[in-house]
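What follows is a short report on a single structure.
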Amino acid sequence: MLDKFGIAKRIAQELKDGYYVNLGIGIPTLVANYIPKNIYVTLQSENGLLGMGPFPFEGDEDADIINAGKQTVTTLPGSSFFDSAMSFGMIRAGKVDLTVLGAMEVAENGDIANWKIPGKMVKGMGGAMDLVAAAKNIIVAMQHTNKAGESKLLPACTLPITGLRCVKKIVTELAVIEVLPNGGGFKLLERAPGVSVEHIRKATAGKLTVPDDVPEMLIH
Amino acid sequence: MSNKVYQTADDALFDIRDGAVIMLGGFGLCGIPENAISALLKKGTKNLTCISNNAGVDDFGIGLLLKTRQVKKMISSYVGENDEFERQLLSGELEVELIPQGTLATRCLASGYGLPAVFLPAGVGTEVADGKETRVFGDKTYLLEYAFDADYALVKAWKGDKYGNLIFRGTARNFNPMMAMAGKITIAEVEHLVEPGELDPNEIHTPGIYVHRIFQGNGYEKRIEQRTVRPRT
Amino acid sequence: MLDKFGIAKRIAQELKDGYYVNLGIGIPTLVANYIPKNIYVTLQSENGLLGMGPFPFEGDEDADIINAGKQTVTTLPGSSFFDSAMSFGMIRAGKVDLTVLGAMEVAENGDIANWKIPGKMVKGMGGAMDLVAAAKNIIVAMQHTNKAGESKLLPACTLPITGLRCVKKIVTELAVIEVLPNGGGFKLLERAPGVSVEHIRKATAGKLTVPDDVPEMLIH
Amino acid sequence: MSNKVYQTADDALFDIRDGAVIMLGGFGLCGIPENAISALLKKGTKNLTCISNNAGVDDFGIGLLLKTRQVKKMISSYVGENDEFERQLLSGELEVELIPQGTLATRCLASGYGLPAVFLPAGVGTEVADGKETRVFGDKTYLLEYAFDADYALVKAWKGDKYGNLIFRGTARNFNPMMAMAGKITIAEVEHLVEPGELDPNEIHTPGIYVHRIFQGNGYEKRIEQRTVRPRT
């Protein structure tokens, strides 16, 4: 079983040299800490920054340089600033190679729900709907089950949808799961260290294809 | 030249009336028109419809106008950081229209570029699509989203000259350039108001043609919402 | 009767302080030379320049600073450069106060033809169709009749149209003429010095309303 | 980082094949990708569809590719200054699609911003509107114009860094930024190729995410089409 850092580490293995990547708030943000040393990845922050650097040193915070989570960040050599129209323009045009997001629920057809719980205060979708509707490759980072122990990988979302048929892969504390195209359902790709296929099966409410051999993740 | 320069925020906002539709630049508290918000607060203009990505926090930004009940409706993408906002929303005092962030930005761009409407994919299949026209291009479905029609745009820039040319700084740019283009009357406040010729024509983000009034702001607080740092080692 | 400089001078009187103006090629370009001294007008060149200055001094030509006629020009304090999308964006959004264009024909409903003569080599419309479709105020600068002596102010255009119902005013060597809204036809506003109403009537094929008193233009 | 830098124009254009759809930046001869055009000439790539505001002059710019009969079709707004062009057009050897300049620019923008189509007023009621869908918004009629789908964009910038960030100079900016955004593969040539960090992130016109290949051009002629001067007095 992985902790949130393990999930972030596993997702970092999906990164390729030259990728432009948008990381959502929460576990996705942690992915930045585990980018393999031998590749160069450019982080896009949808409020208008390409080439997001680490948090500033204490005292160097600049109110004019923040990320989409409103945290103070820094630039790197080769960074660029732009306006929100261009930012979502490049997302819609498929220029961002990978988007990593959290989710409340993912359906076996790739639908995602991550913005609203009926009855609770609605804070808004921010850029989530734009990202899921437009990104060409979306990986979801989340827990396999919710606090009540119910699966978050479902036959269909029960919460209000953020976007349709968009999630390509899910990394949880238990497994790496592919969302097969054309409604093919979930497919188990890797088990977390020490987690059995049976455990993952039980925690997955949606249709799950399990190949004969499911390797254990390699987390460096 | 017909003078675009106003001495104070109060002067520049002189004609904003109750019920106006106002765009306000900024993302979170970054790049918000602090002086213009203070002037609205002082003026007490009521029943405002505010188009702004966020609604400030309880004691800063648009949150200040919520506290004084000057806002009738917010059109935003994310409004989370504000208790008073939540109270008014739940009590029905405040109307809120939530729209995706990129849709918000692009509807502003559409206004500034004379595009009556644009096709956007965000929200297809969600409740955001309710009542909206859809259309398929290729294998993808889009929503028809209309350009905004705002009476005023209140934007904040880093530098500006007396002809209204603007340069933004860092991620404080965000929605400001599009809103500057989109307002029927655009009022820009700047940290540094300079003479024409002091800004390099090649580096201007918003040409002065889009800006009707400009003033030098003062006392910028530039509050940081999430101060995150790493230790010096 | 006016020469082309007179036409340009008369049009310059239409400018107001603070106006943003787009001047087409030919007589319209000359208008820049007669802007009243007591007002400030900003010239927009649709290839991406606001605040177009005069031609450079010999030896100061810069290949990267040209106008829509591909002539070398200069900037002024307060100028700005932008791309072609923004340039036509500001035109479509009605930010340009006045556009002055040449024309081959203008119809009494405000239609304009100025880009194509069938049977002749077609060079293209450039930005003309965008300007006439989007500008909020269009003045045409042209000769009242063509080389064959035929009126260019017609009941309807005979040449391929550039744009519909868009011309607001016409200044020719003979007259200043308003295009009345809603198909009301032409209205004679001013006579050129020494030109009779009868002369203008004969030279105007479209419907022309002539008020009782038609003043002579004042050209300073 | 996966390397975007190519040593020569020939290297950068290595995979452009006969029949490709290519956007070329520039207005007249201002801001055209001189080195990329030379490389195409050398390569002899044929049956090109060129999307470019103009078609160069007889002995420069795209005119050079016309002379060698490498161009099958031009999509442009104005093609006047070229005798060979006229000859090929009248003889039917060359296909030409004329579209309004703002429509050309905005269809590029649409590609770069992921908008499948846009509503534009230019050409309503003219032969440009033939066969196009129209729609009325308010009291105005618009044509539905589609985003371009180009295999390559060849653009020219003043400065660029190794990550592909670009800064243009003066009116040489023109169509270059939109085409840079619109190409499936965008190849930028620059007068000055610098290290990442040498360009101010606030002054970049085209972020590197849009640029796939970059090279330092050389021997720029930057020919002036209409040299107009005033006498020194």
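In this document, chain identifiers A, B, C and D correspond to the written order of the chains, with residue numbering beginning at 1 in each.
Rule of thumb we're sticking to: contacts are C-beta pairs under 8 Å (C-beta built on N, C-alpha and C of every residue); 3 or more make two chains touch, one makes a residue touch a chain.
None of the values given here were measured: they were computed from a predicted structure.
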item	value
Co-neighbours of chain B and chain A - touch as defined	D
Farthest chain (mean CA position) relative to chain A	C
B-C or C-D - the one linked by more C-beta pairs in contact	C-D
Cα-centroid distance, chain B relative to chain D, in whole angstrom	33
Length of the line joining the C-alpha centres of chain C and chain D, rounded to whole Å	29
CA centroid of chain A to CA centroid of chain D, Å	36
Touching two or more other chains - residue numbers and ranges from chain C	49, 81-82, 85, 88-89, 91-92, 134
Residues of chain D whose C-beta touches two or more other chains	106, 113-115, 120-121, 168-170, 201-202
Every chain pair in contact, whichever chains are involved	A-B, A-D, B-C, B-D, C-D
Contacting residues of chain C [partner chain D, same complex]	45-49, 54-67, 69-73, 81-85, 87-89, 91-92, 111, 121-130, 133-134, 160-164
Chain D-facing residues of chain A, complex	17-18, 20, 39-40, 42, 44, 49-51, 75-82, 85-86, 88-96, 134
Of all residues in chain D, those that touch chain B in their complex	106, 113-121, 137-138, 140, 142, 167-170, 201-203
Footprint of chain C on chain D - complex, ascending	27-31, 53, 76-80, 86, 89-90, 98, 100-106, 108-109, 120-128, 158, 168-178, 205, 222-232
List of chain D residues in touch with chain A within their complex	1-2, 111-115, 161-163, 165, 181, 195-197, 201-202, 204, 207-210
